[in-house]
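Each of the two complexes below includes chain A, the first together with chain B, the second together with chain C.
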Partner chain A sequence: MNVIDCKGLTKVYGRTKALNKLSFTIEENKITGLIGRNGAGKTTLLKIIGGFMRGTSGEVRVFSEEPFNNLFVSANVIYINDQMNFPTALSLKEILNVAATFYENWNHELANRLFDYFSFHQDHQYTGLSKGMKSTFNMIVGLSARCALTMFDEPTTGMDAAVRKDFYRALLKDFIAYPRTIILSSHHLNEIEDLLEDILLLKNGKEHLHIPIADLKEWAIGIEGLTANVNEWIGEREVIHLKNIGHDRMFAVVRNNFSEYEKQKAREAGLTFSPVSSSDICVYLTSKTKGGIDDVFIKD
Partner chain B sequence: MSLSKTSMLDIIKKQYTFKLRAYMQVFMSMVFIQMLGILFSFNGVGMSGGGSNTLSVNVHYYSADIVVAFTIVWAIISAILITTQAYRNDDFVFITNRMSSNFSNILFLLTASIIGGITAIMSTYVMKVLMYVLGRTEYLSSPIAVPEMLIGFGATILYVFLGTAIGYFIGTLVQLNKVFVVLVPGVFIGMIVLGAGSMNGGFFQDMIKFIFMESSFALFFIKIIILVILLFSSSAMLSNRLEVR
Partner chain C sequence: MILNMDGTKPIYLQISEWLEREILNENFKSDQKIYSQYQLAEMFTINPATAAKGLTMLVEENILYKKRGLGMFVASNAKEIIINKRKDQTLKQLVVEIVMEAERLEVSIEELIQMIRDANKREAGE
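Take a look at the complex of A and B:
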């Protein structure tokens, strides 16, 4: 069963298109990483899936239903972001108690254990928490709700390294205990790539890449060598990134579709191959220019 | 993975209990406003006097009218408040859609109106006690018959509820477009000004007469209920396409 079906989804704010004919499907019980630059449309997409906003055109189906203003979708989806707001009249413990009455699959024991582990105080107010503590608390709500579709939008904002690690581990453990569909949007792909099964890369509101994370690591390869040699070798291939090293050497990232024979020949010509981390691939793929920030500083 | 099924009624019930707790501040402000109303009431609503060479009589009238008026204003403001984005977002943290959100808001406002209406009328007793304790002069009060008392409660609750409906409608308009922040007061003042010159009153004056000058309670009840339903249902329809969070 497909949890999310998205066809030609477009969302327009004034004159800018936040989402531009986006189409993809997400299957049941998978952890998908939603990756993209700032302003690529990640949050907009998640809010449309959560039923908070409407797409301008195109079609979205969550659990085969239109999500906007849909109680069934709302009951099975939880969307956690760093701009969450809880009623100021409630203490932290009361918020958990209220959430428990709403969500059918809510695991109150887990919520309480996480609550104690991260040393929250039950009488504290949500507004009095620091940024990282807020994110941690949101995460507890998101995990304990055990919604069939759980969406975390930049869940680690403000968390320190230790808490981030704890969060990833908690997420994975609870996912194994209670499999569900999870979408994780984050800027720290290198931190979450071990959790992910699939990756959905957005660029300018469009789906740029939607492949298993294992394939992403093999998707591109780096070549380094003398500029002339590299240029000759990359020839007609799809170049993702170029960088000059010194004045006569060059580093290029290209699609990894070399045959073993070609690689052998290239090595003989003095080129070295290196794997490119998935996080770097994503950065290169989503940058507007081939050379990245370096292009800004090159004056012709 | 099993998907949870929910019924609208169930969610409205949960939202309602959640809101009674979460919107506590609304009741806090009510207590404050009514105390303020009682304080102002000590000035009296009317006064008459007379006398001869050796005797002078001053009669001061006191009533809870100011408290009731303050409560209606509180109702309008509270209703506007719970339509604001912060409150709406609090709402959408947990399971809901716009319909259940509006319904639970209306139920909450009805509860608030009942509590506000009853306490507003009851404030007369507070005033009587305070008069008795603090009053310097002779103090008379007319006992109120039970049926009259009940009508008093009913009418006050209805006025307060109408206030929440008006506030909720205004709040919803403002949420749709910020233009209404200027437009609503503009239209309101415009209506008063337009009617002021004419002898038989404008639309606004007619409206006031229609609502406040009804002598039959049954008719009054029907009028208010129809107005309230109209206002709430148009708010619900207007906000049904509203984007949140």
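Take a look at the complex of A and C:
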């Protein structure tokens, strides 16, 4: 079953298109990583899916329903970001108690255990928490709600490395115990990639790539060698990234569609192949030009 | 085992190689039930689908077999298959790399073979 169906979704703010004819589907009980540069449209997309706002045109279906102004979708979806609007009059413990009444599958025991583990104080106020503690509290709400569609938008903002690690493990353990559809947007792809089944890469408000994370690593490959040799081997292939090394050597990232025979020949010609990490592939795919920051510093 | 998280080797491959080592070390014997995808997912903090892919690879190579509703089990000749596979692929590839490096360093084949003999002696001496 598809939990999310998105067809030609466009969202226009003033003159900019935050989403531009975006189409994709997300299946039930998968963890999908939503990846993209700043301003790629991740938050806009999640807010539309969560029913917080409408798209300008196109179609979105969540559990086969239009999410905006929809009670069924609201009850089954939770959207966690770093600007959660919790009532300021309530203490942290009271927020959890109220949240428990909102969500049918809320697990109060899990909420309390996480609350104690991360050393929250029941009388404290949300507004008094540090950035990292706010994110940690949000995460507790997001996990304990056990919503059929759970969306975390940059959930680890401000968390220290130890808490981030705990969060990933808590997310995975609760997902195994209680499978649900999870969307995780993060800038730390290298940290979350092992948790993911699929990856949805956005670029300029469009779907750029939507594949299993396991395929992403084999999707592209790095080649290094003498510039002339590398160029010859690349031929007509799609180049994702190029970098000159020293005077006459070059590193290129291309689509990985070489045959084993071609690779062996290339090795004999002195080229070396190397795997490219998922997060590097994403950086290359979403960069605006084939070059990089170095190009800014080139003086004519 | 600690997974190599630098992103160069797919996690499902690391999982299947780790399971192969467990079988080679006889931590799992013939017809013994192996870890489920969920146990592996929990052990290594990875997505259960990734763990399943690692298991499926071993099923395709007849190292594991499925029993419907019961899980996956170690094939009776699993060890033999793993050893043959590693000889055929891993070891051959390593030899190609050693020979290439020797050429780059202008080490003769005789010298190289002597180095291998020496290494073997040291191994045996320990």
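The definition used in the following text is that the second predicted complex is superposed on the first by the 298 of 300 C-alpha atoms of A that agree within 3 Å, B and C clash if a C-alpha of one lies under 4 Å from a C-alpha of the other, contacts with A are read in each partner's own complex, and residues count from 1 in each chain.
As a convention for this text, a contact is a pair of C-beta atoms (placed from the backbone, for glycine too) under 8 Å apart; a residue touches a chain by one contact, two chains touch by 3 or more.
These numbers come from a predicted model, not from an experiment.
Taken together in the superposed arrangement on chain A, chain B and chain C fit without clashing.
Legend: residue contacts after superposition of the two complexes on their common chain; A:F86 is shown touching chain B, with no touch to chain C. Applying the stated contact rule after C-alpha superposition, one finds that A:F102 touches chain B and leaves chain C untouched. Of the two partners chain B and chain C, more chain A residues are in touch with B. For the combined arrangement built by superposing the two complexes, chain A sits at the apex of an angle of 150 degrees to chain B and chain C, based on C-alpha centres and given in steps of 10. By the touch criterion defined above, A:A214 lies against chain C but remains apart from chain B after alignment on the C-alpha atoms of chain A.
After overlaying the two complexes on the shared chain, residue contacts for A:R54 are found with chain B alone; chain C is out of touch. In the superposed model, A:N190 makes contact with chain C only, not with chain B. Contacts of A:A111 after superposition on the shared chain: neither chain B nor chain C is touched. Think of it this way: put the two complexes on top of each other by chain A, and the tightest Cα contact between chain B and chain C is 17 Å.
Those residues of chain C that touch chain A in the shared complex are 3, 5-12, 38, 41-42, 44-50, 53, 100. The touching residues of chain A, counted against chain C in their complex, run 30-31, 168-169, 172-173, 176, 190, 193-197, 212-214, 217-218, 267, 274-275, 277-280.
Across the interface of their complex, chain B is touched by residues 28-29, 47, 50-54, 63, 69-72, 74-76, 79, 83-90, 94, 98-99, 101-105, 148, 179-181 of chain A. Looking at the complex, you find that chain B touches chain A at residues 1-6, 8, 11, 14, 17-18, 21-25, 86, 89-90, 92-100, 240-241, 243-245.
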